[in-house]
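What follows is subunit A paired twice: with subunit B in the first complex and subunit C in the second.
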Partner chain A sequence: MSGARTLHRLRAASAGSGVLIALCGLLIALTLGMAQLEPLFRALFPSVSNPLYTRDSYLNLMLAHIGLVVVSSLISVGIGIAAGLFVTRPAGREFEPMVSSLAAVGQTFPPAAVLAIAVPLAGFGFAPTIIALSLYGLLPVIQNTITGLDTVPETTREAARGNGMSAWQILWRIELPLAMRVIVAGVRVSVIINIGTATIGSTVGAKSLGTPLIAGLVSNNLAYVIQGALLVGLLAIVADLAFERLERRFTFGG
Partner chain B sequence: MTDAAAPSSSAERRSPLIGNRVLLTLVVVCLLGVGLLPFASMAPNRLVSGQSMSTWAAFAPWQLVTLAGLLALLALASFAHLMPRRPGHAVALAAALALLALDFVALGGYAHRALADASPAARVSQGSAFWVLLFAAGLIMIDALQRLRPPPVWRALYAATALTLVGVCFATDLLSPLSIMREFANQRDNFVDQLTRHLALVAGALVPALVVGLPLGLLARRRPGARNVLFSVLNVFQTLPSIAVFGLLIAPLAALAAALPWLREVGVGGIGAAPALIALVLYSLLPIVRNTYAGLAGVAPGTLEAARGMGMTARQILWRVEIPLALPVILSGLRIVTVQAIGLTVVAALIGAGGLGAFIFQGLGQYAIDLVLLGAIPTIVLAVVADFTLQLLVALSRPTRAGQG
Partner chain C sequence: MIELQGLTKRYAGKTVVDDITLTFETGEFAVLIGPSGCGKSTTLKMINRLIPASGGRITLGGEDVAALPVEQLRRRIGYAIQSTGLFPHWSVARNVATVPQLLKWPRSRIDDRVDELLAMFHLDPTTFRDKLPHQLSGGQAQRVGVARALAADPEVLLMDEPFGAVDPITREVLQTEMRRVHQQTGKTIVFVTHDMDEALSLATRIALLNDGKLVQYERPVEMMVEPADDFVREFIGQADLGLKLLSRRWVHQYQRPPSVAPRDALPEPGSHWWMIDDAGRPTALAGARLDDEDAVTRVKAEWTATPEMSMKEALSRMVWYRVMVLPVVDESGQLIAEVGMQGVMGIERGPGANASSTRAAGNGALSDNDGGDPA
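On to the complex of A and B.
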């Protein structure tokens, strides 16, 4: 029974990694080879005079986009896990209901509105986008860190204490490893949202894959729109699949 | 619900001096905000950035005294041995309401005084200390409500009081000299149009999503084979950035509208409401299907057995047992979807669908911050109010247990 289940899961995992590798390859090929597709876009949109976005290379735009997401996610993960740890320790327990409800209410804010509000605070460009992405990405990480640590059974902590482990050892060797899957799930949510919001970041002047997309919408050039949308959509799917695999790695037992 | 009280009470046992460290922290945050950040700013016209005004300069003397009194009262309420716990929370609730009102009154009062002898082009805007006080007042309310845990009706009444208070500030002449309110006055008709359009887009997406999603959730419950395929397709969709989906829908819809003139006549085109609605419906499906499935799957097998034993038909079991029991989970799905749709509609303004996002992106294009805020703040309020209302509905739809109100 359990053997069959393991086999099934292994098979599903290898199929999943096949899809991931294929999509990754497609993403890289499209990023590097968009220029080669110019005849295709010319055929699809005969009325558009220059159907390939050339003000910047798609490689640069892709790297800028990934840069925005990585920098903001690192900030969110760092602060989010620290905050989640603080409110689950005895010293910070009292702040837990407040932080949890803040994280819940904050996630109802539309990401685009948060991005817009960052502009009066930080001006245009890279900075407001990073601030908005980090703040917004913080919330799912905090929420899942709290949830993940709360799911560690009290008896497990009890047993670790009984074995003479210190509070630090319990945290590092017991609580964090057991909570890791849920925490990674929170990071996944935050990264996926941020990939989307970074796209809109081009409306506040941050360079990203949204730059050709928005430029296309403004100048009614559908070829630009499709090029940007395809790449950013693929990026989101690849990131989601990669996180799915990462989450599976932290699943114990079952 | 009740286990969340345990940590705070154990902390209170551990440290008897400070009864509410969250409240004390918020009071300190208020003091820091008031001391270090500008409360308002004044600019000679709409386009240049203004000169900052500290709280000391912007508040009238009686307002400063009231502020100090309120903060002192809140600090007192956070010390356990100075104030008993439950009255302390009630004092915090009342003081937070007063703080909220004072924040608006002080800002409006300053704007009236500052603009009395200034040129008509001069503008007064709210500063970061204003936001800090507003935010802190809100957090004090949340904290006190969490500790008092009143029944949902009382919570709703308190929230309604706070909203009425804010509403009165906006309805009267108090805030009208503020820059953002002048922008609003200029755009009043347009604002009402775009707000209506925003709400219409959200409603127009939710109705078809419910009509399609609820049966799909039932299907997922009844046919495990269909479930995996359905969930993975919808899941991939949920991953895609909204602007990419909006963008990718434009070309096919434009081609469709060009090929079929009757479609064009009913208003379907590459840009505008049609691609926005299609994308919003698709995004809304996953939470509705997932929660319908989870709600139905959560009905205890024993309950179904009992219903069958009573001679109910499959249809009766669905309508009288399964759906009522699954309702809270289904409504939670509706809540997620409503909040999400309000947010996604902001982005839909980029493809010409209108809505409050139109102000945001128009304002960003002209570097008119007031216009940006005129779009952003109402959408946030809309999302939070929708979330709160639907949460209340979820709480009310929960079957009451014996011994619980």
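On to the complex of A and C.
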């Protein structure tokens, strides 16, 4: 690649990352420095005696929240891509309708209901939340894996076979890289959903950014709700922008 | 050499390829042609086992293809398809290197081979190596597709309507290049098309299929002159048979030594002179105009001929530019011969116009001739 083209690419990339870096900085600053905003919240909510959530640090809550999302998304992605791959292979084709509808059903359950079912099975805290989030994030990953693999043109597949690639080589070298943009788009939806949904984990005792939110709702303390919601919203936007950049990496023109 | 013996393909009780037996000799440029649904593509794809045969057998250099490991078989057979099938996420170089990489050639040998093939198709390696397929024009992408098929120096090249999706002008350029590549490499090529003009311009032998059956397997001119039955006659088309015949005749077969002018002299009425510059390039033609016999016409590149041009194209240029005779030039633009209406009609007049003697000279010129790349 020529130097001029590399430079051009770098410039385009840095223009796009500007917003991402700024929002990332804001997210970190708010997470670490929420306490500094206490006077602001005191001024906004003069009737509230205790307008800053202090039972846990926002850094701890943020890390716990991210932990929930990362673990559940890894499970969704692992199971989702594996299932999507299975039903697009000749051996698994007949299972495609079943897997698709199972995943769709998984998403029609309200996550709160899944939590209610998971608690007797897995106890309180981290585990039932992970189960609910993983199930909830599965559908977009499965759907996009199937769609992504189906959009690989038949001529491309035929060319790969005609050039002597094995089924395994076609999957790894041709199909997955070409489907990756659509798969990443599915992961993006799944992760964004889970960043929001993870807050309800706090109702069954999983520590997350939902903890101040729930506490605020219970004690009618709007300041807590705003603090939690602000961080959750910002986290979702940052994740969304990051995934957008990742998707672009798998675009090959035309 | 590829032999098809009683090759048959049935889908759900319907026979789409019906007991085809034919032999593609080594070095043959064989074209499979027929109306859509005649089984030509199916036949081609049974050779590299993209479609399994229902009956009969195929041997490649004496080996039964069904007995070879399928991936190994396909790496021995080049395969090029319509709309290229290039891998959109791979650079041109990586696409071309597909089979050599599967065969685990060393890096440096792959790089050399990629550059060699790109150069063969007039794609400057430094410009094209790192481009992605969507950055190529249709003609360039198709060249890369053929280069990929040739990369591991396969014994056989299978081409499934490779030029079906490109515009007519690019298609003609690609056909010229394909003829040149066939001459340069001597590969056995099996080529599927539904376009009779394409078949006539490329094939050394045409296999005409209808309804899954082989109707006739014959050299192009022989097929035109002696069609096996009415279907063949109709498929070739009778209206422009003369022009089709000319499309199989080459300028080097009918060219004759040029009559070059003594400087500034005008030709006798009814004859003509070429005026040439110091480098031997034709500059003007005196006489031999369709409309004005005595006019002096400046030679333009558009109406010069080359030895490997078809007589059909030469005739077309004479008609379009209203001249009775075209200068035949070599790669440096030097006047080496002329070809005229008399050549087209096969009428030989006067001394020095002996077609058979110029044919031998022309063949020599053709073998190291470069098809050119106007794109």
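Please note the rule applied: the second predicted complex is superposed on the first by the 238 of 254 C-alpha atoms of A that agree within 3 Å, B and C clash if a C-alpha of one lies under 4 Å from a C-alpha of the other, contacts with A are read in each partner's own complex, and residues count from 1 in each chain.
As a working rule, a residue touches a chain if its C-beta (ideal position, glycine included) is under 8 Å from a C-beta of that chain, and two chains touch if they have at least 3 such contacts.
None of the values given here were measured: they were computed from a predicted structure.
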{"item": "Room on subunit A for both subunit B and subunit C (clash or fit)", "value": "fit"}
{"item": "Touching partner for A:89 - first (subunit B), second (subunit C), both, neither", "value": "neither"}
{"item": "Contacts of A:177 with subunit B and subunit C, given as first, second, both or neither", "value": "second"}
{"item": "First (subunit B), second (subunit C), both or neither touched by A:245", "value": "neither"}
{"item": "Angle at the Cα centre of subunit A, taken between the Cα centres of subunit B and subunit C once the superposition is applied, in steps of 10 degrees", "value": "100"}
{"item": "Which partner, subunit B or subunit C, touches more subunit A residues", "value": "B"}
{"item": "First, second, both or neither for A:156, with subunit B first and subunit C second", "value": "second"}
{"item": "Shortest CA-CA distance between subunit B and subunit C [superposed frame, angstrom]", "value": "11"}
{"item": "Contact set on subunit A toward subunit B in their complex", "value": "44, 90, 93-98, 101-102, 105, 108-114, 116-117, 119-121, 124, 192, 195-196, 199-200, 203-204, 210, 213-214, 216-217, 222, 225-226, 228-230, 232-233, 236-237, 240"}
{"item": "Residues of subunit C that touch subunit A when the two form their complex", "value": "48, 50, 71-75, 79, 81-89, 98-99, 102, 130, 132-135, 148-149, 158"}
{"item": "Touching residues on subunit A, where the partner in the complex is subunit C", "value": "1, 155-156, 158-166, 169, 173-174, 177-178, 250, 252-254"}
{"item": "Residue ranges of subunit B touching subunit A (in the complex, touch as defined)", "value": "4, 7-8, 10-12, 14, 20-22, 25, 128, 139, 142-143, 146, 236, 239-245, 247-248, 250-251, 254, 270, 339, 342-344, 346-347, 350-351, 357, 360-361, 363-364, 367, 369, 372-373, 375-377, 379-380, 383-384, 386-387"}
